[in-house]
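In what follows, subunit A forms one complex with subunit B and a second complex with subunit C.
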Partner chain A sequence: MEQDVKQNVTDDTIIKVRDLRINIKVDEGTLTAVRGVDFEIKKGETLGLVGESGCGKSLTSKAILGINDKKCKASGEIIFDADGMGPVNLLDLNPRGKEIRSVRGKQISMIFQEPMVAFSPMYTIGDQINEATRLHITKDKKESKKISLEVMKKVGIANAEKRYNQYPHEFSGGMLQRALIAMALVCNPKLLIADEPTTALDVTIQAQILEIMKELQKDFGMSILFITHDLGVVAGMCDRVAVMYLGRVVETAPAAELYAHPMHPYTQGLLGSVHKIGTKNQDRLFSIEGTVPLALNLPAGCGFYERCSKRIEGVCNAYDPELVDVGGEHKIACFACTGCPNAKKEGKADE
Partner chain B sequence: MSKGDNILDVKNIKMDFASKGVTVHAVGDVSFKVNEGETMGIVGESGCGKTTLGRCIVRAYEPTAGQVMYTTSEGELIDFLKIDKKTMKEYRKEIQMIFQDPYSSLDPRMTVLDIIKEPLLANYPHMPKEEMERKVMDIAAKVGLNTAYLKRYPHAFSGGQRQRIGIARALVLNPRIIVCDEAVSALDVSIQAQVINLLHDLQKEFDLTFLFISHDLSVVEYISDRVGVMYLGKMVEFAPTKKLFSHPMHPYTESLLSAVPVADPTKQMERIPLEGEIPNPANPPSGCYFHTRCRYCTERCEKEAPEYVEAEPEHYVACHRAKELKLKGFSYDE
Partner chain C sequence: MLRYIGKRLLLFIPTILIISFVIFFVIQLPPGDYVTSYVASLSAQGEVFTPEDIAYLRDSFGLDDPWYVQYFNWIKGIITEGDFGYSFNYGRSVWSVIMDRLYLTMGVSFVILIFQYAVSLPVGIYCANHQYSAGDYIWSFIGFLGTATPNFLLAILVMFWVYKATGQVYLGLFSTEMLQNGMSWKYVPEFLGRCLIPLFVIGTSGTCSIIRTVRAQMLDEQAKQYTLTARAKGCSEATITYKYALRSALNPVVSGMAGSLNTIFSGSTVSAIVMNLQIQGPVLLAALRSQDMYLAGTIVMIQAVLVVTGMLLSDIALAWLDPRIRFSERG
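This part shows the complex of A and B:
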């Protein structure tokens, strides 16, 4: 087992997710929220995970840290090249155990969507940043304060000494998000998971935060998993993009390639429904009909079938497409784009 | 009255909120005109007063000062802020609102049918029940709701469908003006496109005038004929959409435009970062409110507040240096 795991991680890959599935038990049955997600992130790279609400992008990221609710049952592989342990499958670790604690917050850390909610109103910002420092780096109070202040300055919090002793309610949204980033970066993580870090912010503040994240990435040399529904933000931030729909990655490609040649009908629809300033006003925005179905007792076939403009009856509603490489690191899961060899689909149907 | 005529003339609206001895000037001296059948967009960061302005116009708030001149369908001119509440109720049928959050703006204990019917009950209490229900059915079908589901409660509907319910509720009284306060901001992109298309179709069909308040510049650019930019309670620039986006004349508009994320990695604009954050509206800076964050700031800007003038035909701006500055906007392909 150990041998298998080691072979899975190449030198420049930080994390590799294979066939991640997350089921949630609810009253009505089992919700298959994530249905076989595959992706990997290289050193120093930013991967954008894009999708609409309910597509499973947040669950995927929380599974990496093992912080999903107990009701969520995850299976598959999340191979992370952890310091001191070598490549491990994070899903094998006890979510309350010592091993995952040495990874969580130190080697992989996370920024959340709503900075107002992510901080406790009862403690000063300094205390909360220090928590990570004291847990992972040093027990020395003075030294940890010094480290925390340094990071606060790095993320652009002016007057850090004064701010250190203030409470979250004394911070504006943009400043709080900076503090949250400081908290995430204080241990110099290898991987930063940013879950919609700028969605709650104004455009001008969003631009500031994105700029800082880019700079810090250069400084710290970390990889970023950037989760968002905003295709504009992704275009400016990410090296590669993975598009998720209904618990699966349906298309992944380098950012420039994806925006220039989107192939999956869902990606095309998503890009078409965003109006680009400066382009001629079409009479109507392209829109994908219908809504995302609930991932409860899903029928066989492609999850996008009901809303797809290119669906092939008898194929797309009978078999689930897998990610197929179409060259240039561009992968898609769509029968209409890649064709569906008969032999292969028969074989899968038997399974 | 015909299309293109003035339907709403907002003059020097002021709204102060006083609390604990502090007065917050949420909206200070805003004036603009809205033409019948057009969509007017209002953009700005959170806290700039755009929602307050929208609410002042429908008189959900009582503005501290100013006039909202409304031209009735008979061509009569009335001031919304002068008439008494009872008369206002008559006219409020003609100016309706769509709210941002489709979750909190619908009563969870009312069926969708009742929600859409409520404005009719309030305004036409003597209308026969059958007629009322027929009207509700008609409008629900128009906005793309399945009429078989109208007896259900809001929780059974998705975000996009709830927003359609909100739109139906606003439309059932046959209004002339609709104030859309962040009407699509809470929706996913693919659903957002559906709702924007719907608003577009409804506007054509019913000759509606929209006042479209949003922080999303791409959406505003798509839907609006003219756009006003607000900063700290004041209108700083106002122009036809294309003009504003291609040739902004106010430095704030310039940085706002440069901060818009563009969904194309090859077309990234040079960011003009805004330093700092929006100042406290209870204690605004001296002179031009924007001078603390403006990179073109001069001594004059710190002392003297610029006037809001028509610098170019149909292009209003409040900046001392509007004419000399060459500011960057989006380039439009023809």
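This part shows the complex of A and C:
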């Protein structure tokens, strides 16, 4: 087992997610919110995880840190080459144990969607950033404060010494997001998970934050898992993109390739609904018909079947497509694009 | 902050004056006065009063003046001489009547207060951290039961059970032996034992409601985003519970403490009567019933002062606890 795990992580892969499934117990039964997600992130790379609300992208990212609600049960593999432990499946670690806590905040850290509520209102910003430093780097008060202040300056917080002693309600949203980024980067993590970090900010601040993130990535050399529903943001930030729909990755490709040749009907729909400045578009923006079905007692077949314009009756509603490599690191899960399921798949579906 | 406290203290004086005026007005509202009820109760026992006797009594107590003159004299006495008036019931000064029971009341109430918070905070935290566990259900059940059961009923039940179990009647804080021989150190264990029943009975209802508050608040705070941030940072569950969630959850508990000062002074009334406790509550009830107006007025006024002081103290505590309140006051 140990051997297998080690082989799974090649030199330049930071994290590898295999067949991640997350079940949530609700009153009506078990909701399968994430249904077998695969992806990996290479060193220094930014992977964009794109999808609409409720597709499981946030759950996936929180599963990496093991900070999902107790009601969520995750299975599958999240292989991470942790310092001091070697490659481990993060899902095997006790979510309240010491090992996972030495990964959280130090090797993998996370920034959140709404910076305004991400800090406790009771403690100063400095105290909360410094907490990460003290937990993972040094217990020495002077030393840790120095490190924390340095990072605060790096993320562009002017007057850091004064700001260090201020409370969250004295910060603006953009400044709080900078502080949150400082807190995430203070231990120089290998992977930064950014869960819609700019969604709650207005557009000019959004651009500033994205710019800072790109610069810091060059500085710190970390990989980023960038979660968003905004394809416009992805284009500027990400090297590769994975599109999620209803708890599965339906298409993944290098960012440029995905924008040039979107193949999955869902991706095409998403790109069609982005407004492009400069086009004389008199028509309404394209929208995908219908809504995401509830992931409870899902029927067999492709999750996008009901809303798909290219669906093949008798195939798409009978089998669930898997990711197929179509060349050039472009993978797609769609029968309409890659052809009908072969005999092997039929056999699998019968099981 | 200091300016704010100064401002609050200045407001304190008119507030108390207005309250004292209202108290006095309300207390003298019922028809008749102390002499009426005094004569009525003695007549019932066969005593005969001539109208001259009654007029003499009324004159000697100063009850013939209009009520606002009585009020003015009373307040003047308090401010100039620290004299709170005369208790008709006890036949001595109001202050000495209050002092009689002050230490005992404060002692009993203070212990009850400590007991309440010492039990309810840990239990509330436990219930929030183990939501929907067996322990949570058991404590929630006890909590609802304790909140819903009237104290005096619980007092009777507990005294009955204790009697069944030990064959002893524990009524009041002092045994007859103690009262006859005077207090000495050898009675201390028995006295403490006798304190247990009131402690349990009066403490329960408060304890239960604080448990509910703490549990609900902790759950609220744990569901907030900053808890997740702290966890993602690598904080231990203990840090999340005590440093983050508990600190925010304390706000309503601290504002709930505003009334505690008054509780310490007066203690409970109905349960105290049932358990025959020599504390302040029953004295007030008796004074109100016999229209012993200066005694009643003084007790209610002290209570008002304590409530207002308690609020000020809890506001200061809140400002110390929550930086958001601290800063909005400054502006």
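In this text, the second predicted complex is superposed on the first by the 348 of 351 C-alpha atoms of A that agree within 3 Å, B and C clash if a C-alpha of one lies under 4 Å from a C-alpha of the other, contacts with A are read in each partner's own complex, and residues count from 1 in each chain.
Just so it is clear, a contact is a pair of C-beta atoms (placed from the backbone, for glycine too) under 8 Å apart; a residue touches a chain by one contact, two chains touch by 3 or more.
Predicted model, so just to flag it, every value in this text is computed and none were measured.
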Partners on subunit A (subunit B, subunit C) - clash or fit:
fit
Touching A:Leu180, do we find subunit B (first), subunit C (second), both, or neither?
second
Please work out whether A:Met110 is in contact with subunit B alone, subunit C alone, both, or neither, and reply first, second, both or neither.
second
Would you mind checking which one, subunit B or subunit C, touches more residues on subunit A?
B
Return first, second, both or neither, reflecting whether A:Glu170 touches subunit B, subunit C, both chains, or no partner chain.
second
Check the residue A:Glu131 against both partner chains and state whether it touches subunit B (first), subunit C (second), both, or neither.
second
Quick one: is A:Val233 in contact with subunit B, with subunit C, with both, or with neither? Answer first, second, both or neither.
first
Least Cα gap, in Å, left between subunit B and subunit C after the two complexes are fitted on chain A:
9
Pick out the shared contact residues on subunit A: the ones touching subunit B in one complex and subunit C in the other.
none
What residues on subunit B touch subunit A, complex-wise?
45-46, 158-161, 188-194, 196-197, 200, 215, 217-219, 221-222, 245-246, 255-268, 271, 273-274, 277, 330-334
Applying the document's contact rule, which stretches of subunit C touch subunit A when the two form their complex?
224-226, 228-237, 243-244, 247-248, 321-324, 327
Which subunit A residues qualify as touching subunit B in the complex?
52-53, 172, 174-175, 202-208, 211, 229-236, 255-256, 259-260, 269-281, 284-289, 291-292
Can you list the subunit A residues touching subunit C in their complex?
62, 65, 67, 96, 101-106, 109-110, 112, 114, 117-124, 131-132, 135-136, 167, 169-170, 180, 183
